[in-house]
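Chain IDs A, B, C and D follow the sequence of writing; residue 1 opens each chain.
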């Protein structure tokens, strides 16, 4: 997924690096592998980035050192730690004849290999496998025949295939770009008159800014000292916003493309209650992303809402492993069952999805060990069966339990008394107020665009 | 508050240091200033401790380095970072003629100055202001005329005044000690037959152990290779378990002294609904400690339960400060209002306590800015007016808003439409099943024991 | 200057990363700003690099993590810490259609701007200002029409102007390249039959290897599983080995281009004694690079050799600054005068060069304060007047004291009783046995090649 | 050995912490295990200490944080890293009824066990095995019946047996104490009128101060706002300054007890040349501590002085280990032979001592491999045969090669052509100008005081 952020201060009175820091902190749920901030001080771009969480990569000294510019962009990258985490960290800084440019990109370019090959034929070399570097190259190429970077970006929209919501910082401009399908969210806000772009509105809120509007699919928004300009691609495609953003990725306090994430999840819970009613004593969610849907299920069903699990608040750090053979302990360290709530009760447990099934099985076992009489699992999305090509790292097709088992078999495997998945039809109704169509290829195998052969 | 932990493995087949690590991680909410683990390997005690959170102070290398012993104790210390955080970190390791001893202590000794003076008169010197060092000294003193360390500890119970729940590790014993009033919780569990002591049962759960029972006030439990022995002081006092453990300190999944913390808070919410009913559209809690009481209020009142705030999941780290004059931002970084839930609604907001009133005022303003029509604050404890002498660091008397203002004045100050505090009478009913009497001096100014003049 | 290293193990029985680590440690004097190691494990290149000294950037965990490959290259970069130190660190890893390549380069490309401009015209973008990235690009370009990487490198030799001694690691080859002028040293060795390249022979010694020979100017040496091949450019130029390598840069235990560095310095001292004899009691060197020449002066003059200064052995780390206005202290922290040696004596002090003159003035003052009756400064190189374009970072022309003052004026400024510089003529005789001609443009302003206008 | 430092500024115009930092940096050769600084700010003592070298334990932030007081003491501790390095770090801070006290101690108390036992009998407990803690205790005890801390210290001198050169900081005083035998050096200086104490004069020099005089054996010097006072014990003993300070420990630029360390070593070399003359081409020292004696040997013998080994300048850090079975490499990483100097020559190699013989054997082998025709080892101290009880950590008696072999056997074992040790008689003449008698028990087994049975 990744999260991006950009801020531009005309007057220079905002500390753009500090704002970026706090905004990235609010977007941390979108990526824990690496993070970075690039700042533009009179055309000179400085960048600090590394593997790790925002509060680990940045400290007061680093922030002070970067401070001072007029514009900053930031990035958090999705994924777990790898040896290349430092290399792959963004923003990427590129040097063009017209000056320095920095790019923070979220999404996935599906024709990256093809584009890279073409550039290679022309003598290009790459230092990473990241899309951001590819895009920086493409811009360099396009820029040769363009009058402006925004013109280059408009041309690029016809060539780049896939998902990209990005912020670009050139010597005098801050630019937000969202692909024509609008796979990933991207929005615009302001703080005291200074413009902000962010993957999610919660980042704008967290620094005390105000949400203005979403960037439209296929739109390019440019901020300069002169003000804001918008450009729109003439490419006509049906939009395909990732439905999983509402189901799982985004923070519940974000409003994306006109729809509250929290409400979408509550709606999902309500539809689930209609599709799969059951007689029970308590409705509980798996923290954190199942909680909202559980609340919706409770409201619709009239079954009281309760708490089944307490999550350790101190998550998100490099972590010592439990001794081998203690897989179960690994779950307990993060999640403890609230026995007093559960004992002797028939539980409706709501989760956002089932991937491999092992975590669900563990969690249901914990409930039973704590004395639950029945456990009915309700999943606030349809069976997850197909790979995502647009920026969601999921297990390969083989590992997805829904590809190997029927719903009944899964129910038995995870040890539930009953199992219900939200229907695709109802899922698509949950982001009330959303003005876009969705990509839900991970449930159907049909994607908004053709996918190059692997 | 502080949190303590101890584990003893007869056979040596458990990695006691790793277990202690995960247990402390589960007790992290009881103290973020410093932490440490001491391990006993055939009478030789090694200790690693420092300022910082558990996952910051310990890494795989340190854990491996300590690993190997038969018994370990651990500690997390309450408070924010100070220059002396490293020095004050526990466990404290002491060398006696009979061998090495380690102590992890939670609580506060009220006659510490007096005891220290007496020791000074006899030629003692101290290296810290910590109670743990004082207690180690007292044990050394008592040990001269005693047959065993447990005998010394029993003698000490007559001299030490105040709150102490501690674990002590001697060359061949693991000992749990709880003061005669039982101010702070302390319980016993087992994992695969190996004994465990912990401040809260959630620590036992988190490592896959089983709760056995609470240590009784005035009880000393000794674990050796020969098994478990219990000793009880002949001091007769009325117990005074800190009621704030149920209201705020403890993790909701802990069961302390026979009572579920989650349930106690839910009960508090129910009583609040009876004492201060109001017509409203939604009941919301301030995360995390207000959530359970909000659920109780909702159940009792029939007003739907909802979510008003999303808390950033990545808390608990050294943190860059927002630029000056942005106090409000500091709250927003941690807590964002969920506008979609709130807009146009009459909100019952439930919090566990009001200390200085500024945070409450900020939070209520956030709700109003998000479009709440009315905000009724309900507090799941009585007005907080008096200092605590038993291990809770609270603002001095002057800063407590309940000392300076009437309930109506507070309501106006924080900008609520109405304000209701739980009565003392009902609060005392909330820890259903608790077998002890309570200390609730912070609400009444009357304490279970005389407090030495300051 | 920078230092480079490469090692290739046919059989895989050497831990190439560990060898690279120790070799870089031996080359640390060539660069303290940043360092890195890249390792090739069956075509997959992993790289770790960062700002800092070798023992700070690498630890056991990192070394273990990288270990396992067949070939490794390493780099230490000259210069002091800057915000871009991490970005500029080498080796640089590039991805070509033929696979991954890593480059560690020392020197300076004088036509870099021109070459970069040409690539820009063709759509290239850069991420750094480093020559290594430019060279990686150039290789990518050349590689399109070449049959092998060594063919590309031979073509490049006609285009790249300036100093470069580099090691290149491709999926199956380890390649050493030295520019046709041979500005910077580069040599070849072996350890247990495994081939090694290094900037200086001391790196080969330090890992227990054996020196084979120097790489010749304009030579490309390729190591593969099949053995070693050498290619030579047909470009005919007069060689221009940097004379300052002998005077100052290289470690005295290195033998470069057939000449012992230690002996060259001793020779310089002898010539100095002939050129500038003086009646005195003791000959002392400024540690460390003046010591060898002092010994030579002593031998030639018959004046006893002595020790005037003790250097703190714990140098080379990030360092707290003395309080302001204590410039003099900054010198004393590193260098303390040995009063007992000096008192009442007439001292011949030998240093390798005078740059701005302030350090010399400080040092001479220290001798006088310690009771030296006379101080005669002898400099083992000619007056330093012109910039270096071939990899030596020197103060700009204005700051060089020899540009602003006559020899007499300098003598007065630094407070010496007499001052003598080694003549160019004699300097050129000092690297006895060296088979190359020299670049000594920093003394004459005449360089072996035309320098592009700045 | 350890190194201590203290500084007192009447006016507060010196940054005492920064001065202590640089002074400890100059004393780093006396201890690399741990270090620390304690500062007294109006009676409140803050302390920062940890395992590691001075520049690793302290950074700008820590120094700024401590800065501000009137008086500071510092300590570097001898030894290699152990799990208890942090715990054992000094200064030790003690709290007495009269206020806080900090102690930095170098040496070894030989009756420590006995004294600790007595305190234990009285109810004392200890947290470390360090002498500093014991001394702090003893002071607390003595202070009860004394009028001042200096009076307590004078009483202590009759009880403490062994070596101690220490600085003590009480709320209003800075005190230097040297044991009646004067085992370890301790001297006094001033900087701009502010008083300084240090283990060696090089620390005073390094911060731009001036040496005043040595603290006498059995003397206590007290600095307050009122000035300096000196007290002398009435205990009459023959002094026993450790001769090894001159031979090996101290920095050559220090002057201890009236004698230049550099000169003492040069003298040792001269006597060696008289005792063990040999026909040879070059005299070389083993860096760093053999260099001065080699110079003396060269002067006396007329054989030219030369350089045989280059030592890596970047020492003193946590260090990756070479792969197993590469013991020899471990030496080469630190020390490289200068082949060009050595080849074909008959070498006199001067070292300060032989402990186990393995290093000497390695070094001589390196010379032979480099082409030395003959290697004659000259040792600037007598055969090292007995343990030291006064602060020098040496290998146990069994490992000392001089206990197991005759001089001839050793010569054969290390592979030298001839071997000569300095005689005791001549060694005692080397510290020219020293006003004290020496302890040289490590050569004779006879010590200035009785040693308690082990």
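Everything below uses one rule, namely that a contact is a pair of C-beta atoms (placed from the backbone, for glycine too) under 8 Å apart; a residue touches a chain by one contact, two chains touch by 3 or more.
Since the structure is predicted, the reported quantities are computational estimates derived from the model, not experimental observations.
*Asks:* Keeping to the contact definition above, tell me which chains border both chain A and chain D.
*Replies:* The shared contacts of chain A and chain D, listed by label, come to B, C.
*Asks:* Using C-alpha centres only, name the chain that sits farthest from chain C.
*Replies:* B
*Asks:* Rounded to a whole Å, what is the gap between the Cα centroids of chain A and chain B?
*Replies:* Computed from C-alpha means, the inter-chain centre distance equals 36 Å.
*Asks:* Compute the distance, rounded to whole Å, between the mean C-alpha positions of chain B and chain C.
*Replies:* Centre separation, chain B to chain C: 60 Å.
*Asks:* Could you work out how far the Cα centre of chain B sits from that of chain D, in whole Å?
*Replies:* One centre to the other, that is 48 Å.
*Asks:* Residue numbers in chain C touching 2 or more other chains?
*Replies:* Not one residue of chain C touches more than one other chain, so the list is empty.
*Asks:* Check the chains against each other and report every pair that touches.
*Replies:* Every touching chain pair, ordered by label, is A-B, A-C, B-D, C-D.
*Asks:* Note which residues of chain C are touching chain D in the complex, please.
*Replies:* Chain C residues touching chain D: 15, 18, 21-22, 25-26, 28-29, 53-56, 58-60, 63, 202, 205-208, 251-253, 255, 260, 262-263, 288, 291-292, 295, 298-299, 304-307, 309-310, 312-323, 326, 328-329, 332-333, 336-341.
*Asks:* Write out the stretch or stretches of chain C touching chain A in their complex.
*Replies:* Touch residues, chain C against chain A: 46-48, 65, 83-84, 87, 92-97, 101, 117, 120-129, 133, 136-137, 139-141, 144.
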